[in-house]
Amino acid sequence: MNKLTHFDETGQAHMVDVGQKAHTHRIATATGSIQMQKATFDMVMSGSHKKGDVIGIARIAAIQATKKSPDLIPLCHPIALTRVAVEFIPDESNSTIHCTVTTENIGQTGVEIEALTGVQIGLLTIYDMCKAVDRGMVIKEVKLLEKSGGKSGTWVAD
Amino acid sequence: MNKLTHFDETGQAHMVDVGQKAHTHRIATATGSIQMQKATFDMVMSGSHKKGDVIGIARIAAIQATKKSPDLIPLCHPIALTRVAVEFIPDESNSTIHCTVTTENIGQTGVEIEALTGVQIGLLTIYDMCKAVDRGMVIKEVKLLEKSGGKSGTWVAD
Amino acid sequence: MNKLTHFDETGQAHMVDVGQKAHTHRIATATGSIQMQKATFDMVMSGSHKKGDVIGIARIAAIQATKKSPDLIPLCHPIALTRVAVEFIPDESNSTIHCTVTTENIGQTGVEIEALTGVQIGLLTIYDMCKAVDRGMVIKEVKLLEKSGGKSGTWVAD
Amino acid sequence: MNKLTHFDETGQAHMVDVGQKAHTHRIATATGSIQMQKATFDMVMSGSHKKGDVIGIARIAAIQATKKSPDLIPLCHPIALTRVAVEFIPDESNSTIHCTVTTENIGQTGVEIEALTGVQIGLLTIYDMCKAVDRGMVIKEVKLLEKSGGKSGTWVAD
Amino acid sequence: MNKLTHFDETGQAHMVDVGQKAHTHRIATATGSIQMQKATFDMVMSGSHKKGDVIGIARIAAIQATKKSPDLIPLCHPIALTRVAVEFIPDESNSTIHCTVTTENIGQTGVEIEALTGVQIGLLTIYDMCKAVDRGMVIKEVKLLEKSGGKSGTWVAD
Amino acid sequence: MNKLTHFDETGQAHMVDVGQKAHTHRIATATGSIQMQKATFDMVMSGSHKKGDVIGIARIAAIQATKKSPDLIPLCHPIALTRVAVEFIPDESNSTIHCTVTTENIGQTGVEIEALTGVQIGLLTIYDMCKAVDRGMVIKEVKLLEKSGGKSGTWVAD
């Protein structure tokens, strides 16, 4: 039967034992988006082609954030990421920017949280850089798209 | 005319000068939610009343995260928060948990990003603790609700 | 003959070479306690059963601290912990709370410092949360109980 | 009546509001000690006069740790320390080294936790550097000696 | 007579007391450069106009590094920077990129170390991104150009 | 043909995939120096023999900094260093102190950046501790001396 593995049998939180798990190649992809006003979207987009590169800065923030998951999420294991890639896709008709982060490692525990942290901080960096002109931006639908590796194998979002 | 203040006139990113701004009392409130399966929601909720306190741990993670915004968001100023409060509200009919974070300081720059960071990491901690039983959880509608203080005064989301 | 291995033959501090050591399963358990007034003890204990969970928060702080040892202790190697467990045991007759932290990894260097860091910060978090009512609390007898793995094998405190 | 201020009236942890408190000059002094074997004590002491300076390294670790309290202790406010001093006093007859840390700031919240963090990490650094020759060292009696400033004024340990 | 203020009268390192110093507006500007092969220089320069923006990433790393000085430099006080600006100037005839960082705060201690940290990490980020094609790059002449504010007033490099 | 590997084929920065690279023993040695006034040099040198040990503190700062490279350099992989050694060599005739840092690991990516970070922060710590008497000190010629291990094998500076 399912239970929350971050608690032991007496209900106390712990960092679960992964020492006996196999070292496998693990990949996770997470996604999310930020919706803004049309004028804000246009400013961001014009920047990525010339000066004032909001997207470039958000990409760096996202990559760096993936390395900080164990510091941010209490029961997250420290892991050594072997690859991080971040993609931003503009959706002009909805004045929305989509962010996708892929993380990889060869290890005993997965990299889903690292991918999700990257998406969150990448999108929040866009918010930070545009907030002076648009405080009402909304970060939406942050979720795991797919993961592979480990005992539970491959999982793909519906 | 509006422009992105995180870039100077030549388009280079900088941490903007706040040295001449007034020290005012600033408050920001941000919100967001995480939607999960009914069974996951029930597990989390039963925990907050007795053992295995997912919500209690997420609250601590949210508070700690508000202190890390300047480390996570490249152009965010270091600030000294004077208060942080985090509330989680369960919405049983939608198997959703809402998170609200309020941050305060007396300073030269606002605390919106700190509140938003707290919401994101609080919700991601719930994801982390429940992911073994429900990888499809979705973090939704992370946004600023209200802020006050500073030159731009009070702002309230529509 | 014994010598302090953190110094080379000329007396200069270094982070010692562990690159040729075997990857073994290492476990360390450390302990310590905090003594307080009877009234403070009663407040903490009532909290762990219902609201205001001092112990739950101290546990999270202890777990997170074990991940920060390389950042806190100058010559400590970065390592990837595979398990962390924290237990608090109340001792009503002495108005004392005992903390025990167990850390594990599979690696080239031990996890004793990580366990001790967890004990220290777990107990200090209790101090922090109760200091408004009892500044005279004392943290006592922080020490290693047992460790196994590595070239020096198993060690148990007297 | 006394209560634990880190919890609100519903029992939820928060970082308490210090925004309305006065900016006063605050000083805290904390102490603690580490007891070791006679041979270990002699090694450490010989080092502080010539090569292999355990005490010098522990002092730096203690100072740096005082700056990390808000990162280590969940509900601790970020503050700007204006002074940190660390003293180690050898007690040859008991093969013990005492550590005293004094912290100061001009601010809205006290610096007791910072002083205690410094003592703990200073002593643990001694443990780390000597553990290869003496795993049974014990960290003892870590406590606040005195604090001044703030609404509650001066407090001195019995 | 001059002495090193980071040591007390007995020669022990401390974080010096700045609590009684005036809060003044302080500005520091530091500079440094990285010299590389002609082919490497051309690759970097072509990137800043279109894809693969080495300079843009180095700028973000420099800004973030200025916030980490108290964590990197043992006796550095924590301070709240109010402005950071980073400029990179290419010198084609010498295949060299110059970096200038300006930091500001209103506080009790200066921001020279923050500016120098920014220069160092900005240049090292360029090294990191180009090292696969040119390991022989050299970071040169990192120094303070000018500082103002505080008791010692304005200082300008020869 | 050479290209900057930190960018993918579309020019977007990423943390490059090292997951398929061999785990090899990697060593890097970097160097740099700081030039100061004769009087400053004499102060620093007298300290390393008795009280006020500037060099000892700079060595600790350098070692700790090598562990922070992934946090400072955006596209740097997290790695587990297995050895760090730092040497300072005084050059009296030029009032200069040379710093050499050697880093090692057994892993999928090199440790050059870690060695260079150590040199930079070690030298900047000297600057910090002496700046009250000599603001004009210059950090010079920070560069890689040699590296071995990995696919590209051994490299030695000209």
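Which chain is which? They are A, B, C, D, E and F, in the order written, and residues in each are numbered from 1.
What we mean here is this: a contact is a pair of C-beta atoms (placed from the backbone, for glycine too) under 8 Å apart; a residue touches a chain by one contact, two chains touch by 3 or more.
Quantities reported herein were computed from a predicted structural model and do not represent experimental measurements.
Student: Going only through chains that touch each other, what is the minimum step count from chain C to chain F?
Tutor: Tracing touching chains, the least step count from chain C to chain F comes to 1.
Student: Using C-alpha centres only, name the chain that sits farthest from chain D.
Tutor: A
Student: Taking the mean of the C-alpha atoms as each chain's centre, how many Å separate chain A from chain B?
Tutor: Distance between chain centres: 16 Å.
Student: If you average the CA atoms of chain D and of chain F, how far apart do the two points sit, in angstrom?
Tutor: About 30 Å separates the centre of chain D from that of chain F.
Student: Residue numbers in chain F touching 2 or more other chains?
Tutor: Answer for chain F, listing residues that touch two or more other chains: 12-13, 53, 56-57, 60-61, 64, 68, 71, 74-75, 79-80.
Student: Which chains are in touch, pair by pair?
Tutor: Touching chain pairs, listed by label, come out as A-B, A-C, A-E, A-F, B-C, B-D, B-E, C-D, C-F, D-E, D-F, E-F.
Student: Along chain B, where are the residues that touch chain A in the complex?
Tutor: 2-7, 10-13, 32, 39, 43-44, 47, 50-54, 57, 60-61, 64-65, 68, 71-76, 112-113, 116-117, 120-121, 124-125, 127-133, 135-144, 147, 155, 157-158
Student: For a test of understanding, state which residues of chain D touch chain B in their complex under the given definition.
Tutor: For chain D paired with chain B, touching residues are 8, 12-19, 70-71, 74-75, 77-80, 108.
Student: Quick check: in the complex, which residue numbers of chain F touch chain C?
Tutor: Touching chain C from chain F are residues 25, 56, 59-60, 63-64, 66-68, 79-87, 104-106.
Student: Under the stated contact criterion, what part of chain C meets chain B in this complex?
Tutor: 53, 56-57, 60-61, 64
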